[in-house]
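Take this structure first; my questions come after.
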Amino acid sequence: MHFKMDATSLSEFLAREFPQVAGDFAIEGVGEELVVRLRVREDHLRPGGTVSGPNMFALADVGIYLAILQRLGPVALAVTTNASMDFMRKPEAGRDLIARVRILKLGRVLAVGDVLIFSEGDTKPVARASMTYSIPPQ
Amino acid sequence: MHFKMDATSLSEFLAREFPQVAGDFAIEGVGEELVVRLRVREDHLRPGGTVSGPNMFALADVGIYLAILQRLGPVALAVTTNASMDFMRKPEAGRDLIARVRILKLGRVLAVGDVLIFSEGDTKPVARASMTYSIPPQ
Amino acid sequence: MHFKMDATSLSEFLAREFPQVAGDFAIEGVGEELVVRLRVREDHLRPGGTVSGPNMFALADVGIYLAILQRLGPVALAVTTNASMDFMRKPEAGRDLIARVRILKLGRVLAVGDVLIFSEGDTKPVARASMTYSIPPQ
Amino acid sequence: MHFKMDATSLSEFLAREFPQVAGDFAIEGVGEELVVRLRVREDHLRPGGTVSGPNMFALADVGIYLAILQRLGPVALAVTTNASMDFMRKPEAGRDLIARVRILKLGRVLAVGDVLIFSEGDTKPVARASMTYSIPPQ
């Protein structure tokens, strides 16, 4: 597949459009699978030292969104319409989270992606998410 | 139904256990339906002035969690295991969000709740969520 | 709200378009909430005498689909794009299932509904579902 | 990983416990990924000649269920508690469906799996599902 955006252009897009959160995320791999890191900080944590649900949601959402833009280019304001998420294990304290994103459908109107989220260095996922985005007419 | 926690004790629990976010939320009604307000601030917003997905997720998660504690008491560390969410309309800029929560199942091991989220003053929901929590053995 | 189809026209639509399954379902109430009965038969059951998951899925799907047609008229071939379902209790053996459907969004492109499913005569739901339908251009 | 059931014992289990539907399914691969075929027949179809949603749900449900038994053995009556499904493309008329199942979590109380469903011979999935099962105490 031909991609329209690489890691640099995706990072620049994120910094420009989402300046409040762009520093939280780093794009670590761009290919059929997009890999995004959440740089875990103190204020991402819940009591007990694990990353909170909303921050894992944000990582999944950003990851799938960027994987759509990687394919479509920075042309459109895609909007999340549905999200489904399973929280399966407690993230390891003191470790970044790594999201591995696949795009399963890239239609004219809807795009669907899914993601597995891991504590860095682990092979068992802490969470799974699938999300649908509505693609506005170009 | 007999409830084990009222608005005051739920608010105190939130302030004690989740001090970083407790100020964002206000409990506005406690009955079969629990009503929770997200006091929308600048840093909850996405470009365009609407509340971001992760903040709506957080509102749904806090609301259902509190509705479970309302019934079980502050005894247990319930953990979100599954979340499903539909984002249906753009929240109105400059308005708080109101979550209306129902508990659909309160089992020995699993609890399920759902929630409709509204821009304050509107009758059409901006989002819908259902979540499952694992209840640890008491 | 003005509805475009009543119980009779919805039943006729079902019999004409889905003759294989139309006899399984009966429309019991048409208003803001649409009420649909699954007439439980032997071949809907799993070992243990309860209605199987796929048959509860079918009831939710038919119910939300009909509630969309009730509002749009029999004009379009809406397609299910997403479904989320919680199975919360074992249905009672030997009882029909009753689905209570709400439409939460009726957009130009997407419609969202949710449903609670009960064993007839019970007040605690056996299942909950929410589904999204893609509405083709008219 | 050591598996407790192979293709033959899983097929026998299916035939014994679910005689009504066992003939619909064939186990085609057992490893980290379990591959299950839905032998599509006339009565699985919707108008237009494609497999209906409930039949795709049944395929996903059976597939993840068997992948759990493959790991746990035929000891327990696991129950589906949550299902999330995206329907992404129309299945090809006249072709079997192939489900590719992964187990993402196998806990003491809950198991989570996901599945991609393909029209045989295609590389783009027609549907995606993730499901949670409650594992009864042994």
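Per-chain residue numbering starts at 1, and chain names A, B, C and D are given in the order in which the chains are listed.
In the analysis below, contacts are C-beta pairs under 8 Å (C-beta built on N, C-alpha and C of every residue); 3 or more make two chains touch, one makes a residue touch a chain.
None of these values were measured; they are calculated from a predicted model.
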Neighbouring chains common to chain B and chain D, by label: A, C
Option reproducing the contacts of A-B, where over half of them reappear, out of B-D, A-D or C-D: C-D
Separation of chain C from chain D, taking each centre as the mean of its C-alpha atoms, in whole Å: 23
Whole-Å gap separating chain B and chain C, where each centre is the average of the chain's CA atoms: 27
Distance from chain C to chain A - Cα centre to Cα centre, in angstrom: 34
Overlap residues in chain C, where contacts from two or more other chains coincide: 81-82, 84, 86, 88, 132
Contacting residues of chain D [partner chain B, same complex]: 81-82, 84, 109-110, 132, 134
Interfacial residue positions of chain B with respect to chain A in the complex: 17-18, 20, 43, 46-47, 52-55, 57-58, 61, 79-88
Contact footprint of chain D on chain A as seen in their complex: 84, 86, 88-89, 104-105, 107, 112, 114, 116, 124-125, 128, 130, 132
